[in-house]
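Take a look at the structures below.
What follows is a pair of complexes built around chain A, which joins chain B in one and chain C in the other.
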Partner chain A sequence: MQFLIERLPLYLDGAWVTIQLTLGGSALAFVLAMAFGILGTINHWLPRAVATVYVEVFRGVAALVLMFWMAFALPLITGFQLEDRFAAILAVGLNVGAYGAEVVRAAINAVPKAQVEATVALNLSWFQRLRLVVLPQAWAQMLPTFGNLIIELMKATAVAYLIGVVDLTAVAQQMRQATGETIVAFFGALLFYFLIAQVLIFGMRLLERRANRKLGRTPPGGTGLKALLKHPAVSGSGGAGI
Partner chain B sequence: MIWDFEFTVEAMPDLLSGLWVTVQVTILGYLIALSLGLLIAVVRRVRVVGPLVHGVMEFIRTTPLVVQLVFVFLLTPSVISGMTVGIVVLGVHYSAYTAEVYRSGIEGVAKGQWEAARALSLPASRTWGAIVLPQAIRKVIPALGNYLIAMFKDTPLLLAIGVAELLTQARRIGSASFQVVEAYTLVGFLFLAVSIPSAILIRRLERRYAAV
Partner chain C sequence: MPPSDTPSAETPQGGSGQPQIVFDQVVKRFGDLTVLDHLDFSVEPGERVTLIGPSGSGKTTILRLLMTLEKVTEGHIHVAGEPFSHMRRGGHLVPASESYLRRRRRSIGMVFQQFNLFPNMTVRKNVIEAPVHVLGLSKDEANQRAEELLDLVGLGDKIDAHPTQLSGGQQQRVAIARALAMRPDILLLDEVTSALDPELVAGVLDVLRQVAETTDITMLCVTHEMGFARDVSHRVLMFDKGQIAEEGPPEQIFEDPREDRTKSFLRSVLDNGF
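This part shows the complex of A and B:
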């Protein structure tokens, strides 16, 4: 315990980098998921094909392989060296975005057909239909899976130490090399990851509640403070695993 | 930038041997994940022990696999190979996921089935073995299949503990010959070559079992 308290600032620095990677990666993944997910629902072969190619390619390659490629192969092809942290964000963002796109696509397709027919009857444009009717309902549907994905993304950032980012894992490695205290050094890092995950789970729960309240529904987990802290269920049929 | 085909041919045997290690780790780890996950899903219904096991699994599931790998690897005596450590850690990590999948399947079994087993005064072993699990597992086969692909895609992490899997081989070849672009791009393609067909296969499984 003494050991951890003394070295807390170092761990906090590492945790801050991990948080940066997680937030950056999530932002990128979210934009990509929305864009390609919506493309995947359009009734024309071209946007659908673009979405499918993106999803299959970036879901099929491991985040670490992508990261290595960005960090070591890309500079040789383009002549530009990406900053380590940026390469890591790009890799996890592209990877998780592909999973997210499938979630968005499935959620949009799950909106009852009558809702879409009603918007046609009201003569709403395609954009209005999406913004006012389809997305608010799909949003509540996709949030629980997004919650799982953001945890997966946070975990995936841990490999960034292999391309030289000084994140929480790298701090643990340094700590071990400096002191030889393997158990404490790594357990400290794991504890920090666990705490970050808990905060993310809590935040996603709040978002979920808000989305459901806006639609006049009670969230599936129930109301009350206890439901907020409950862990999300791992999807039974979806491909949330990375 | 010109693609070097000669190098591609030269590097292939090493990369394929790396792919073979990757496949071995995936399959053996998956067997652990399948059996341990089932055990955990059943134990979770036991009082006191259940919540405890659940807490541990939650911790394993919300912390990065790569940290767990390095951690366990550093703690095990050096007679145990990195590959063994990799298989076990990967298997245990994913059993935290498969346990949840099994759980959702078990919860999906109709209450009447439990009651019927009770009414027939079947022992617990028969209730689980002959009534509940056969129905529960059948429903979750596609979801379990997804985790096989997910595990396959997590094997590059074994690079961190020096197992000669695909990415490790590529790094070795790449740094020996300076043909980094070819080495890493080939790894990407090899991954796609395995994961896209298996994704199609899983989708087929899904369709087949969804009909039941």
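This part shows the complex of A and C:
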């Protein structure tokens, strides 16, 4: 314990880098998931083909190899070295975005056909249908799976230490090499990953509750802070896994 | 606009202009199933027409074709004297594009059997969103229109409620207000009371009676509510196997049906307690 407390600042620095990678990667993954997920629902072969290519390419590659490629191969081709944190964000974002796109596509397709027919009867344009009716309803469906994906993404950032990013994992490695305290050094990293994950889960649960309230549904387990801390049954459902 | 004593006519009458809706040899097939079989009929502006007939006879499909939720297989639909299912291009009629449909279906509104209110919006939003975004009304104008219409359907106090907090009958009345907020020339009513508990039906029908009495909106109504059909419509079309088996004013159809198919249909409806 003494060991961890003395080295807390180092762990905090590493955790901060891990948080940056997670937030950056999630933001990128979210934008890609929305864009390619929506393309995948358009009733025309071209946008659908574009979406399929993106999903299949980036779902099919390992995040680690993609990261190596961004950090080591890309400079050889373009002559331009990406900042290593940026390369890590790009790799996890592209990879998780591909899973997210499938989630978005499925959630949009799950919006009842009758809802879309009502938007036709009111003569809304394609974009208005999407923005006012389809996405707000699909959103509640996406969130539980997005919650799983963001945790997976956070854990996937751990390989960034292999391209030289000094994240939580890298700090633990350095600590182990410097002191030989293998057990405690890695235990510290585990603890911080766990804490970050808890904060993310809590945040996603807040979003889910809000989304369900907007659809006039009572959040599972009732309202109030106590219900929020309890693990809702829906959070585990429909995970794509990585 | 013809008042309710206008003689119901199958064909447009000289002098009174053109019919509002014309079905010209319309065929609709779903795979091998022919739902509408070379159907011809027309509806005058302001006319209220009730479509009756056994299920599967194509009544609802007619409404869905007019709402552009389905496309014709053969034949043409004209609305207000202009092609509707098709558009003119180089002297020919070609299937209508999405942007053409978007221009043309503006004059048509629809109320669905299952209400189809948007659960992600309050009652107010359900009613104002399309007038604001499609018709370009200001928020204030749209709100005012929504308040008037919700008063009309007796739900002025529910304006900030959520659809899930309303009964089926209340939801359907909101759906009627939502359709009317677009100021349609033609209102399509697709079995609007079939999904309701019996005690909620009357409230919805009262609202529709009021709309019929106070406006000159053309109404096409698919219903099993024969009393309502009789009170409100100028003309009843009896469908069977994708064609019109019989048509006439409601008194004649209900009291003195000439076709055996109409007689047996009306008997079965009455036997089932409608």
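The rule is short, and it goes like this: the second predicted complex is superposed on the first by the 224 of 242 C-alpha atoms of A that agree within 3 Å, B and C clash if a C-alpha of one lies under 4 Å from a C-alpha of the other, contacts with A are read in each partner's own complex, and residues count from 1 in each chain.
The rule is simple: contacts are C-beta pairs under 8 Å (C-beta built on N, C-alpha and C of every residue); 3 or more make two chains touch, one makes a residue touch a chain.
Small disclaimer: the values here were computed from a predicted structure and weren't measured.
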{"item": "Chain A as common anchor, with chain B and chain C clashing or fitting", "value": "fit"}
{"item": "Partner chain in contact with A:110 - chain B first, chain C second, else both or neither", "value": "neither"}
{"item": "After the two structures are overlaid on chain A, angle v-u-w for chain B, chain A, chain C in degrees (C-alpha centres, nearest 10)", "value": "110"}
{"item": "Touching partner for A:215 - first (chain B), second (chain C), both, neither", "value": "second"}
{"item": "First (chain B), second (chain C), both or neither touched by A:136", "value": "second"}
{"item": "Touched partner set for A:8, first chain B, second chain C, both or neither", "value": "neither"}
{"item": "Which superposed partner A:53 touches (first chain B, second chain C, both, neither)", "value": "neither"}
{"item": "First (chain B), second (chain C), both or neither touched by A:27", "value": "neither"}
{"item": "Partner chain(s) touched by A:158 [first = chain B, second = chain C, both, neither]", "value": "first"}
{"item": "Touched partner set for A:123, first chain B, second chain C, both or neither", "value": "second"}
{"item": "Winner by number of chain A residues touched, once chain B and chain C are compared", "value": "B"}
{"item": "First, second, both or neither for A:176, with chain B first and chain C second", "value": "first"}
{"item": "Minimum Cα separation, chain C to chain B, after superposition on A (Å)", "value": "23"}
{"item": "Residues of chain A that lie at the interface with chain B and also at the interface with chain C", "value": "none"}
{"item": "Chain A to chain B touching residues, read off their complex", "value": "56-57, 59-62, 64-66, 68-69, 72-73, 76-77, 151, 154-159, 161-162, 169, 172-173, 176, 182-183, 186-187, 189-190, 193-194, 197-198, 201, 231, 233-239, 241-242"}
{"item": "For the chain B and chain A complex, residues of the former touching the latter", "value": "1, 58-59, 61-68, 70-71, 74-75, 94, 97, 100-101, 104-105, 140, 142-143, 146-147, 149-150, 153-157, 159-160, 167, 170-171, 174, 180-181, 183-185, 187-188, 191-192, 195-196, 199, 206"}
{"item": "Chain C contact footprint on chain A (complex, rising order)", "value": "114-115, 117-118, 120-125, 128, 132-133, 136-137, 214-217"}
{"item": "Footprint of chain A on chain C - complex, ascending", "value": "67-69, 102, 105-106, 108-110, 112, 114, 116-121, 129-130, 133-134, 162-165, 178-179, 182"}
